[in-house]
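Common to both upcoming complexes is subunit A, partnered first by subunit B, then by subunit C.
And now, the complex of A and B:
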């Protein structure tokens, strides 16, 4: 009975899929009939279909299985059945990467591709290219060349596209087919022309001049295929971006002329290219926008979608131009296609005035539940932009967001809402209370652990500074009762933050933490015990160091150091000071990342592996070099400094790696002369007073167009901090051997010495300081008062005209991390206090307070507190 | 096999299909030999080195042959064995002017004869001592001796001197092969 039921159920699920219950082993068994002397075409076709179905369902074949079935399949070449043969081609393509010795079918396929049967030829070419490797390509080259210029368009297209794939294997061989591709561009068939252009461009794309010539020729030729024209527009647009000529160049004229093409596809591509050019002015934008406007009213949904999506993208860069389309966009809000409607609304939100916000929000609310998550994310991003633009509207937007939070939705969607709320809270102090309240409510009913943890962390940071911190605690403690261990642990940490910041709540927190010590989870109990014992000490500095401040070191480095420590046990305790400090992403980088995602509906593919910090990368590289590993852990690596112009004979860049007592200069040299081979490349430094050169590690060989690295190890001046800031003269020294530009082999064994002057290299204060994020700067400042040396000085920065400029320059000069968002200068103020924190090499803490005042130029009072008096003096003296 | 089908075969109304394997070192003339068996209109004028294998069909005395013309290049000789299992006969082409590589031929032949898919079957093997027109060509007798063909006891074999360019000697050899295969099939039935 039960079996009968299951059968019935499968029948219902199957929906008539005849391949549902097939198994790999059975199919491989069945494939043995391929070996029969007489081939049953129908049967073999069916078995091949099953095999392909399995492979496409993700079934994995072992190499032996695949090879066996592949060789049985090769026997099917004796059949003349067209359908079976084409299935064989598909089978070959599927198995070509798994089975061994697939080149066995080369001759059979070349026979088919040059044969009389047109139905075979294109497919045979594709199969042939999938089994061919770089060494075999030579032997089929002749056939490929013929196929590219074949009269049959399917054959020609197949050969062109296959060639494109082959460029990955053997770019040099495919390059030789350029004449054939050139001929194919003149084909009458639209697909052949398109594919030929694609191949031609791919072959030449590394050669700017050749691409320019190609474009110049084709723009005059008027291609027949709209696909090819679209491709040409893209190439042209890329070329325009690269070269710096004005928009009156013939290239731009070509794109503009395409706006009047008879194919809609081309017109759209041209409009899209124009609006996306970085340097487009509003005058040039006008015709493109009017084309898009026209498309907005098109009966075809694809055109409407394309137009509105492009407008949505442009809305950020050219809001004024898009405003012209507002009326059309308004019409699209009610479009039956929700994707179009969403994009229309978000575009309007980006361009709209403050007054229309309420109305639009209402419109969105009416259909937000009907659209998919990706579009909801677009809406959320638009709201974020809006909130930043019109801070006064925060209550409307915040209410809307909280309503969206309560709806159903995936993690990405919820995370983007939470992100937006967090951004609004950070940007707009007025919205803080309301925003935190919404987030508190949200975690009451949040199924995503990662998101809940993030919000709890934020509540811990921001909550204690609200008017009524006790309100948040209720929400947080609820988590401890109701959630899974990860969230409970995060909640415990958040509560401890309250305990540390608000003395009047301390007693209550202690009670709650005591309850948490009864938790069933180890981590939760550990954290509760840890925090409750620290809070029990009633010591402000302990609070600061162990509750409020988070770990500063870079996590991957910490992991590596701990692993090394456990593998080579020593009697000394592990010192966390030896672990490199995590770099803090600059504001520009974070902005850039945000901007990238704005308004785009792109699936981002699989998540990238966690980014390892730059220091971590360098540390690994440097530790592999003898003589550098002994210097201790890497403290900081500077940005790249160019020591030559980028287009000179030798291109040299420098990175300064700072260690506790040493500095390692890494020179990346590029040889741009094709007729020279450089040997023993090194940089001779003329160090300033106090510095001593310990070691030079030359680069043994530097052929044309390759980057080699040479290092110089220097010791910082001992007990003489003021001299650690200095300027070095630098000369690149090397042995030149003239060589043949084509082969790169030197003509003679004898070389001659030569040198090349480089620009001066500076070791600055910033190179020796690592940024540190202090969440609670004021507490650290007060705490530092008794322990540190304080230096104070007043400067007048006459060259600065605004406070923002001054703040930016100071941060850059000192290389310190601004704390408590003091790097943002509120508008219209004439005084500002900048709070900075960092660490000098050797682990010396630095705190800096800069009070700025604006009157003819900027006046600055700089107060430095540091555990080391010399460091403090160094800072005050270098600023002057 | 049913009585009717057997009757049909005996009368030669319907052709029996058989697979033969064409092997030999590279540049011994395998593809040229196979090319010669094909119909006038299907022949190709220019023979290029085979990469892997190619399948050709031809007929001889009411027997439909499917010839697997294997590549003789050193790199691909390991692949012959994939096709041993279901063949009814082997055509082994030897370049009789290439004295130097006769030992290689012998080695390959021994490997073939020892292969589990071959050694226990009564497969007819036809040798073509090809390129007999060359000046310094060895005679078929000498080749048979050089390859130690007299030691093959369990399989019928035959050696024919041939010139695949003109077709001389080919017909004689393939007629022998046809007869042998026919005998085997009939004895099975």
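And now, the complex of A and C:
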């Protein structure tokens, strides 16, 4: 009995795990047994298992340790025990990347792979390829070719898979095995067929014609393996996407026919492909949708999941097509798998009409308390999308959200609700008052400091512009009395915003700030004193610069610049103007982020490094190039401009990097000719008047299928701003050396000069302007009046037919940042005022007001205020 | 939605893992260098994955950019991970193959203790199912036939006492179940 008890206890505390307390050093010690003259198979297998277990648990071996153990392991080839031998192969694969001189076992493995024992052969091939490099591969090439067409399916599969791994090391060698792979596609074994197709496609994928032929042949011969058919569907879909032929092509027919395949895997793959093809029309979508609809009712969770996830994607592009499945989707809302349920809801919300919003919200309310936080977040995101789609429903949604805010929940969940309310407020002015009121109430009992701080910041920004700002102040001041120092400090900043924006409240605010100066916390006292003294000055421009506007520079760059400054002290004071300005993410980017997260649970894993701006990345790259570092800080990098068609011999793209007085043109060139090696690649420019080319940095070598970069440094026209907008002719110049397409080595040392015409390159106004976000544009505008030069002009934009179009074009052309959400044109209006802000290279502020009126095209009155008259003139003169 | 057309490649499996009922790793392999490159990240992911899946037996979950299909038995959890756009049914077929192979290797006795006792064979089976992210075989019978089963060919005398007791227990269990 007592023995039984002990046994039970042992089982409970995991004492049954024989691998629990093993240590690396002990195992390495034990591994010396491998060197014994007579090998104890069982013992060695056990030790080897322990070693592999340790490695699998994440234990690291040093190179010496690994090499030692690897060499003793090779002794085990003497044993004939099948398991032990197979474990040795595993060990070889594990250690091949750490240990030195692993090629020592090549001959043993070659012997095994060509031997009689079938249990060895397949595994030996895979182990062999893990230790082989490009040069060694040539020597085993013969065996590999034989193995690919071997009658034993395991051997053939192993050889094919290993070949695919080897293409990374020696693509040229593997290419020569294409005939064998071709033969293997006809194999009866389903896995061999699949692997052969994978290899074949990989070898040929750069050759469009060959892929077309391959697909044409295989679609006719009905493959046995469902995996191979899935692969073929993917290849076909890719081909369809690249081709321009209509959807009545045989390729599309093939995919459609796969919807009737007997394997669910293939049916789903085909439906997925049809849904994701960009030009699928709703009519062509119908059969795919009905297949997915069928899957929605499947007893298998995975199948339901796959179906609803795909329907969710369809709902983005063809919401109408999915409505047929609405009933099935509603059934899935109560699915036991919460991923399926949430995807079903988000899909429904996307397809739902305005009239069904109320019903859907009721449905969600019925189960929202049962689901976990992550899924609640997904639901909240769906509600956000809904609110943006149906702004008139904001009151229903807002009430729902505030009810959710009051419920229990973690920080992430609460933050996402607050985020959603904030988005709704920003997007829909009508919802603002109600939304702010909800948020005010929420901070009354919000246990998350970071969230409270964010909301206080928002209240400070938006609160002063409500009808009754004093109402908010009460809530904010309550925080000062009740909360921890961080929240108190944020509350003080928020109050200061009210003081700066609402003159009639200033006096009261000063009283409150005076009280805060007695606070027990340093930061709170400091802030209160700071704001109180600024507000005491009664100077509008001070308010603007030090209370209302936030820091414009990019924080990582500021950190770097400050670090550099402190490391090399100089007498000069630190100049914040030298720090690059933070780029403002475009709307598309933020949209993209949103779509990515659909239905996905993202955990807060290890923190990712702070996102560095594109400019920051370029700045780092450019500063490494001699001659560019001394140009000063990078001001702006333009988007990529393509200077050739994408399917030509040489593919050239340009990025324009703008500095204070210089512009650096970065040309990324791709050589698509396999029989040419290009040298001394450079771009010869024919600059417009005033520009001078200072330097060319050629790309020394440009082999086939590689991207090389060449730079041209130009100086902007001095004291001649109007000419800084210009068009350059461009020619790509280089030395061609013919070479062997297989090896990439040139046939001769002698090359010949050649050139290639590129499209003209434009330096536009937008290239020289960086966007700046002005929180309080109106104040900045008024403040600028006495300091700036003002230019005004009226234009008629006859090519534009709507205000939205005009706004979009103006923003794009000028490269300025719209302020106060003036890029959104309210529906049904015929006049609109667009407010823009930015900075010209050299740190010259620009403010632009564009009054637009719609009547037979768009008429625009453009007013520019800038600290530099020439810049203002440049803007007014280039528009039009 | 753009770009979600799947790239035709054989590299479909991002990872395979077998965890115990405390979420500790018994065996795990990650095949994509860009997905959880360090042991620390892998552990964090597994911990998270386990916490999300050990209660709800729901078969599939999307987590941290991966689609994970899973299956559990007694005190073991089997996972197969693929990219978030991957064909879930293919991943499921890999998972089923993994589970069925282990089940056959352990003679339907799928539990932690048994896996640890035959860890070498289970390792070999995992290696036969997926190599560097490519599915080698998804048929459990053929996987099992490729990893030579051993238990029969050990003479009784060479087995340790514990093993004898274990096999006796097993026999007893089966006879009770009949």
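By definition in this document, the second predicted complex is superposed on the first by the 507 of 880 C-alpha atoms of A that agree within 3 Å, B and C clash if a C-alpha of one lies under 4 Å from a C-alpha of the other, contacts with A are read in each partner's own complex, and residues count from 1 in each chain.
Keep in mind that, in the parts below, a contact is a pair of C-beta atoms (placed from the backbone, for glycine too) under 8 Å apart; a residue touches a chain by one contact, two chains touch by 3 or more.
What you see is a predicted model; the values in this text were computed from it and never measured.
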* To do: Report for A:165: first if it touches subunit B alone, second if subunit C alone, otherwise both or neither.
  => second
* To do: Tell me which partner A:390 touches in the superposition: subunit B (first), subunit C (second), both or neither.
  => neither
* **Which of subunit B and subunit C A:75 touches, first, second, both or neither** => first
* Of the partners subunit B and subunit C, which touch A:813 in the superposed model: first, second, both, neither? -> neither
* So which one touches more of the residues on subunit A, subunit B or subunit C? -> C
* To do: Could you tell me if A:110 is touching subunit B, subunit C, both of them or neither one (first, second, both, neither)?
  => first
* To do: For A:367, decide between first (touching subunit B), second (touching subunit C), both and neither.
  => neither
* Looking at the overlay, does A:38 come into contact with subunit B only (first), subunit C only (second), both, or neither? -> first
* **Overlap of subunit C and subunit B interfaces on subunit A (superposed complexes)** => none
* Could you please specify the touching residues of subunit A with respect to subunit C in the complex? => 11, 14, 16-19, 42, 45-46, 48-49, 52-53, 56-58, 82-83, 86-87, 90, 93, 119, 122-123, 126, 154, 157-158, 161-162, 164-165, 191, 194-195, 198-199, 201-202, 205, 227, 230-231, 234-235, 237-238, 241, 264-265, 268-269, 272-273, 276-278, 300-303, 305-306, 309, 313, 316-317, 336-340, 374, 595, 599-603, 605-606
* Structure fact -> As the complex stands, subunit C meets subunit A at residues 1-2, 4-10, 22, 25, 27-29, 39-45, 48, 52, 56, 58-65, 69, 84, 87-90, 92-93, 112-113, 116-117, 119-121, 123-124, 127-128, 131-132, 134-139, 142, 146-148, 150, 154, 158
* **subunit B residues touching subunit A - in the complex, by the definition given at the top** => 17-19, 49-55, 57, 66, 68, 71, 76, 78-79, 82-83, 85-86, 88
* **Of all residues in subunit A, those that touch subunit B in their complex** => 35-38, 71, 74-75, 77-78, 101, 103-108, 110-111, 136, 139
